[in-house]
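In the two assemblies presented below, chain A is common to both, partnered first by chain B and then by chain C.
And now, the complex of A and B:
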């Protein structure tokens, strides 16, 4: 078990290194000169050179790469061209904002999806509930997330005026950590969160339904039924066994959801990592873009690692080698 | 008497006949029929759409008094109204069909081809090729899809070709893995061993025993790839990173969004949104039917 964890950890480090390397070289082939934006602000040549050195943009590509890796290991992501402060300071508060819509969205989406999926999977094959459930889930899954966002904005913000459709709090609201516990924050959180839930639910529903359909004909279900257990509880048995693949899917999905949330953050002007990534890319602020991308990749690697370890805990048939 | 495998078992099946069987099964699924019907209409509109368009998509419309005809609601001359820049919404909308389908089909064909080649080679031959592929996909699977697309398209330059390239780079990895594991099962079948014993070449076995049996999985993956490609292009365009020289639905929505008319100009927002939903859902309906085909435990008994 310990050897397995160590090997998986080593593998993860390797993957992170590979992603970092790909990313580094991708950004270096960018045709635009990052200092061009600064030149417009009337910088002298000496000042420009000093900035280039400060940002690690001097020397050969290889030197830059080694310096970059060295800094990364020390947790130094460099400075943002746009904000003129360390990238980490810009991104740190944004991670929390992203997680605020990602984690509850993911868990609620999974729970609601799993509940409806069990009902649909347990329904009579070819019956009305099954067919309409599958049809609706498939169609909702086909709705692009920005369309979900636009629809929610138009209906609940513009037309009904129930929720604000912009940002994370009204101007002059509480700042700092305390803001996350104000009513104003929750009010702003509602629509983006609902968008994530709707975006995330159908896939869970369909996955759960397949699992329940596969399990319902198993012998152990017959046995439970023969014992005279009520239908609802029998369905629960099938559901519990169908959750296994759902959970392995959930962790990598967390990362993918965080990535997909980029679009939802943009629609609702939610100040998260994804939105900052898009802004950084359009501003050619590449230390910031690089760090945001790195952060998202690390989240995926960690999620995959967690999925592997949790799966073994849940499924006793898995043997670690 | 020893049992001799009959000739048919060694000869295998042609790819064409198994593809036809799979399509026949698909048409037995009502949802898939709905999906195929919608898709057919979209393909037709992609071909004739630009000719049906009454105006040039980027032409600024003027009112009789010579002012820019901006944000006009639907009327007789502009059936779907105009945009904030005085463009005819219907004309832009009709041009969008072609872009969406070209991106979807070209990217999916590329993804389907690459994942099948890699999946089959690594599943069938195993060994060194397989190790390299698995390590490569391990890395590729840790790259967040949309963020990668955002960065890569911004760096390469926002053109349709680059968007297709980036989508192909992103989605071949999952396909190769899925096809590889299907090939791993097929390789162990008894008729493959018979064919091998009877002196069939690797090429013959792959073409007539392996591929015909995984054709549904390939179709499933290609169908899903069309949907992913269309969604990715639409998302990139919505974020303002699409090809500025063509009109796509995502870009129409981006223009509506960034000009601040998202909430009021419904005639501008609804057509592209609805078209995207219909197109992607129809593909998912078809994909779902293939999924039921490839997983016999889901089939109705």
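And now, the complex of A and C:
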């Protein structure tokens, strides 16, 4: 088990390195000039040259790469061209903001989806609950997530006025860490969080349902029924066994969902990593964009590792070698 | 999670109380009257079981015999209430006087495992792969008895000892057990609440012959010890001869013959029983000619379009026009009864049926 985790960690480092390298060169081959974004009219050639030197963009591509990698290993992501601050200082609060909608959103989406999926899978085949459950899940799954976001905004923000439409706090609200524990913040959090839940739930629901439908006719379910335990408990056995394929799907799917959260952040103007990532790419802010992609890669790799380990906990038949 | 050796006095006391309460349960009496089971299919009604009646007296074993697809497992599932909800079931099954057919899952909850429990056909797939065996046994105990988890676990340890499995293996998962061990675990589970009625649905079918005889002698030993009532479903007539006081022979969803095992096997009245008997190997008796193995030619009729006469007529070497047109009633001879028009000619049939050429020369499908 320990050897397995160590080996998987080593593999993960390799994957992250590969992603970092590809990102680095992709940004460098883009035909654009990062200094152009500063729009400082009358920027002299000398001043421009000085900026490029300061940003470490003057040496050969190879030298730049080695310097970047060296810094990265020391935990130094460099400084943002645009904000003229260390990347870490820019990203850190954004990461926290993203996690506020991502983690509860994904957990609740998976849990609610799995719960409803179990109910739909356990319901009478061809009955009302089964048909309406599948129908709704399929429709929601087919809707692009920005449409979900816009629909939520239109209904609950513009029309009903129940929730604020953008950002994560009214002007003049508490700042710093304390802001996360204000009602104002939760009020702003609600709609984007609901959007993430709605976006992530249907696939969980459908997968869980098909798992339960498959498992409910298994011999061991018949024996559990024969034992005279409550029906809830019987359904739980089917659900528990259906979680296995769900978990293998769930963690890699997080990657796709993180991409989806980028869109949701933009729709709700939520100041998160995803929104910043898009801005950084358009601004040619290499260090910031690279760091953001690096973070995404690390999250996805760790999610996959977590999937393998959780799977072993859920299914005693799995052996780590 | 107390290991067997170090039970605390309180736990030992609670366990003793549970054991006493459970062993006070009387063996159950079961009377099945006119049980018919059918499925509606696109091509019409499928009669899996038709008008089956039998009785299991308290503390006795009944063998339910027949070839694959004759409906014997369907009868067991109907008694446990495990058939799909759209199944058409009629007739009654009186467990200690209470009809248990047609009850909902909720109504069956206090009856299942508490009064009637099941040893399943395919123990290989009957255990939930993601729970350890001990938890699965405890689940049954905790569903019906107000005891703590530790007491239930201790009871599970006792059941494991009864079937000859070491208590520590309760912590293991089904995939860590061999087929024979899984079957024993399923038996341990079925005994956990000492239900008055045990339904054993081909408990040894999936096992090799050595395991089969070990499991069967285990079941017989437990029966001597606990005196439960049991229905043993099998296609092995030899097992019935060793284990059961009474036997019901089923053919194509109907009762062909029933009665005390000794009578039915000694003097079968129905040609199907005679054929079934010839189809099983017997040890040669010194000084007598070896018994040839004879198989019954043909196959079970299509139950979507059951023949109008006797269902066995197409495979019976003694069938007449009467057999092919009119379904026989049950004829009672002594304690036995058989669904055959010619029970009075049974002696003559038996002599003929023992000769292989009787079966070989008949025109199948006539």
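We take it that the second predicted complex is superposed on the first by the 307 of 321 C-alpha atoms of A that agree within 3 Å, B and C clash if a C-alpha of one lies under 4 Å from a C-alpha of the other, contacts with A are read in each partner's own complex, and residues count from 1 in each chain.
Assume a residue touches a chain if its C-beta (ideal position, glycine included) is under 8 Å from a C-beta of that chain, and two chains touch if they have at least 3 such contacts.
Please read these numbers as outputs of a predicted model, since none were measured by experiment.
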Exercise for the section: Mind working out whether A:15 is in touch with chain B, chain C, both or neither, as first, second, both or neither? Expected result: first
Practice task
Based on the superposed arrangement, let me know which partner A:85 touches: chain B (first), chain C (second), both, or neither?
Solution key: neither
Practice task
Count the residues of chain A touched by chain B and by chain C, then name the partner with the higher count.
Solution key: B
Practice task
Could you tell me if A:27 is touching chain B, chain C, both of them or neither one (first, second, both, neither)?
Solution key: first
Practice task
Quick one: classify A:150 as touching chain B (first), chain C (second), both or neither.
Solution key: first
Exercise for the section: Could you tell me which stretches of chain A are touched by chain B in one complex and by chain C in the other? Expected result: none
Practice task
Could you pull out which chain B residues touch chain A in their complex?
Solution key: 31, 138-139, 141-148, 150-152, 154-155, 227, 231, 234-235, 238-241, 250, 253, 257, 262-264, 266, 269, 273, 276-277, 279-285, 288, 295, 297-298, 300-301
Practice task
Spell out the part of chain A that touches chain C in their complex, as residue ranges.
Solution key: 124, 218-220, 222-231, 233, 237, 240-241, 244, 314-317
Exercise for the section: Would you tell me which residues of chain A are touching chain B in their complex? Expected result: 11, 15-16, 18-19, 22-23, 26-27, 29-31, 125-126, 134-135, 138-139, 141-147, 150-151, 153-154, 157-158, 165, 206, 210, 213-214, 217, 252, 255-256, 258-260, 262-263, 266-267, 274, 277-278, 281-282, 289, 292-293, 296-297, 299-301, 304
Problem - chain A-touching residues of chain C, taken from the complex the two chains share - result: 80, 82, 85, 105-106, 108-114, 117-118, 120, 122, 125-132, 139-140, 143-144, 173, 175, 186, 189
